[in-house]
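Shared chain: subunit A. Partners: subunit B in the first complex, subunit C in the second.
So, the complex of A and B:
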């Protein structure tokens, strides 16, 4: 459904854009309908940049992004609106996603204003109510409230409801539960699980490996802007082939297993070299499991 | 006994009244103990950490005592606390990367800090350098401005500075939250090493990440809505918690190896009560699956084992 092919992104940084920083290097992957694909990596690995490119918030330097075969990389502004009907995003901080001066349900109303101006008020209200119920929110409890009156979990679910009001096919979820408390974040996570049963493709961007493991069928591990390993979640986390993936998994704190029980020496990794040359190619090491390692 | 806190009450003054951020907190900390302090946002864990070193302007010490090494901490008295700060109690703040003065070189900054405590920088410098090397930093950082160091380096500098005078109690407030997985592990292990080397006697590690604190803590204390719900050795909290809130919290944590398809994790319905006028009785009862009429009264503190306490009507020893 959504495909990325050899996508590169460089930012201009420094005074007057004198330097270039290559944030994403030669990334290719596809999301199928009804699939949650996780992109994990540490800060600066380029995972958020990928989300932004898919959402057309920033341009693509090289390569192409296609939605149902249609190249959207060079889409003009006029075609953006049609694209946003099908692809939407939710971001990390629920409190800065809303304008604190307005009531929170304004985000739903703006969808009507820009996409469904001809719909009748009663029809629209019914649709809003159904959508809110489908994300597990009680319409009476969240409508006509200001953002500060709602919890982070409610706000995030309302943003997901906003996306669902459109006929979206792909949802980009960038660290959407990192700021939520342990007791409520699971609701939002399970909601994403429910979305895939509706046939949505979800691009789940996270730094938390256990969340990625819980929710996604397939996972991509990124480092220095390039993919180091990707494939079926069970295979990548169960049998990591790239040294970086192994280091990452060894460092994750887990309940019921202490670091000191099985002390692992971290493996030596290649340093961050010239980012403008192509990263080592991915090699299929197993069925639906690729890693950037030599044979 | 390094630290004994009894019935500590700290309120935040607001326009609408007092918010009872700490409402009767009691616990003990042994010498050499690393205690993880966990809970959801707004449960009072950061307030507790701050209370033991410095109340900010909005906070008011309402009641209760904290005794460190047989000497009471004058929590409400900012001036009197100054004598204990840094030498006896020290803190690694939540945003330690921005804790360094950007206009001073690290060495100068340390000298200022020590002078304020009446200690000589020249005398302590060799020890400082030794400890910096221990965390993988060279002597050269003393001639650097904070802006010249990376986030992880600044974090390590702050860790070394906070413990330079071998405080008895160290409060580490969310020190790993802003770090990447691999740095997280390094920082957490450094905390343990500091304890093992005797740089600090005991430690309170404030965090929202139970799986991280489980890695390094000897005991874990769980707070909810300004009160302590359970304290026990880390293994017990994770393996056989007794308080319904702790059980629900542990049950809501995803782990590597667990998939959405196999087992659906459950969240805790509802949200914590307002602390402006908190309800009487057990504060978790609105969300608790086991609650009954008795829970409208304040729950007793049940001592399940010598090192395991939980405050709940449903817990029996």
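So, the complex of A and C:
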């Protein structure tokens, strides 16, 4: 459904754009309907940049992003707007996603303004109510409130509801639960699970491996802007082939282990080299399991 | 948080709250009253006096009386007529100069801050160049080249030179605001850049922008008075500054014609001072930490 092919992103930095900083290097993957694809990696690995490129909030330097075969990179405004009917995003910080001086339900109203200007008020209100109920919100408790009067979990659900008001096929969820507390987290996470049953593809960006394991069918591990390992969640987490993936998995704190226990031995990794050259190619090490390692 | 426990005060909303506190802030009320009173005098006064304030109508150098409220000049011109016409010119210059500077400053600042990249660098360069230009020297040169200088021309010139600090401040603000997620969300809703600036970013800076208008307005009036006083004022009209310049040129201080220069001086001080007081008051309105409870 949504495909990325050899996507690169470099930023111009410095005076008059004299230097370049490459954030994403040669990334290719696809999301199928009804699938949650997790992108995992450390800070600065380029995972958020990928999410923003999929949402066309930043341009793609090289390569293409296609939705159902249609290249959407560098689309004009009207085509991009049509694209946003089918692809939407939810961001990390619920309190920054709402303009603090307006009521929170304005995010729903602007969707109507932009995409359904001819819909009748009563019909629209009914649709909003149904959608809010479907994400587990009580319309009476969240409508006509200011963002600071709602909790982070309510705000994030409302943003998911906003996306669902459109007939989306792909939802980009960029760290959407990292700012929520533990009890709300699992509800929002399960909500994402419900979305995939409706046939949505979800691009789930996270730094938390256990969340990725919990929710996703497939997982991508990124480092220094490139994919180091990808494939079915069970295979990548069960049998990590790349040293970085093994380190990452070893670093996850376990519930019954203390730091004073024998420290985890981390493997030596290649340092960050010239980011402008293509990263090591991915090799299929198993069915639906690729890793950037030599034979 | 559920509906039941929300206190009513929060439901009023920020706008109503600001108006509420503004009307109860003595600085805002006093400042606005003085500015508005003088504005009304400037707008309606000229209809009741001679259309030509430079007309020689009465006895020379008479003190204020029932007939000539503010006396007459060395040449027998009615000072009150000059004063109300001068007030009108000052407000025109303030409005025009402040307005032009506001529009240019906002356009440059928002474009630079929101677009970023090369556009930002070029606009920032332009801003800095205009900022370091010695505005007074440039204005003197320009003003002395213009054969006929009117109030409008003066306002435009002042406007063209006083926008840079607005642009810089607006740019800095929009640089931070455009990285908020709600801007990204508005883009995902298919909004274009101008709509996002107008509907998402500007409302967040409304208090700041209001104060900018006030400061620009007062600054333009002050600058105009300065130009007038050094003889670069309008040649075809009377302004508060030219009144003071004329009174100085004909040694009214030595002749004791205080009614010639005190009213314009007081008026300029009152307008600019009241604007600044309003500004301080608004600061208290918009920043709850400064409010006196």
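Just a few scattered comments:
Keep in mind that, in the parts below, the second predicted complex is superposed on the first by the 287 of 295 C-alpha atoms of A that agree within 3 Å, B and C clash if a C-alpha of one lies under 4 Å from a C-alpha of the other, contacts with A are read in each partner's own complex, and residues count from 1 in each chain.
Quick note on the criterion: contacts are C-beta pairs under 8 Å (C-beta built on N, C-alpha and C of every residue); 3 or more make two chains touch, one makes a residue touch a chain.
It should be emphasised that the depicted structure is a prediction, and the values quoted were computed from it without experimental measurement.
Aligning the two structures on subunit A places subunit B and subunit C next to each other without any clash. Look at A:151: by the touch rule set out above, it reaches both subunit B and subunit C.
When the two complexes are overlaid on their common chain A, residue A:247 makes contact with subunit B while staying clear of subunit C. Seen from the CA centre of subunit A, the centres of subunit B and subunit C span an angle of about 80°, rounded to a multiple of 10. After overlaying the two complexes on the shared chain, residue contacts for A:266 are found with subunit B alone; subunit C is out of touch. Look at A:140: by the touch rule set out above, it reaches subunit C but stays clear of subunit B. By the touch criterion stated above, A:93 is placed in contact with subunit C alone, subunit B being left untouched.
Looking at the shared chain after the overlay, A:215 reaches subunit B, while subunit C stays out of its contact range.
Distance between subunit B and subunit C in the overlay is 8 Å (nearest C-alpha pair, rounded to whole angstrom). Annotation: subunit A residues 151 touch subunit B in one complex and subunit C in the other. Note for the complex: subunit B touches subunit A at residues 40-41, 180-182, 184-185, 188-189, 208-212, 214-215, 238-239, 248-250, 252-260, 264-268, 271. Residues of subunit C that touch subunit A in their complex: 1-3, 6, 10, 13-14, 117-118, 121, 180-182, 184-192, 200, 203-204. For subunit A in complex with subunit C, the residues that touch the partner chain are 12, 15-17, 52, 55, 57, 77, 80-81, 84, 88-89, 91-93, 96-102, 107, 110-111, 113-115, 140-141, 145-146, 149-151, 159.
Across the interface of their complex, subunit B is touched by residues 42-43, 151, 181-187, 189-190, 193, 207, 209-211, 213-215, 233-234, 237, 247-249, 251-256, 258-260, 266 of subunit A.
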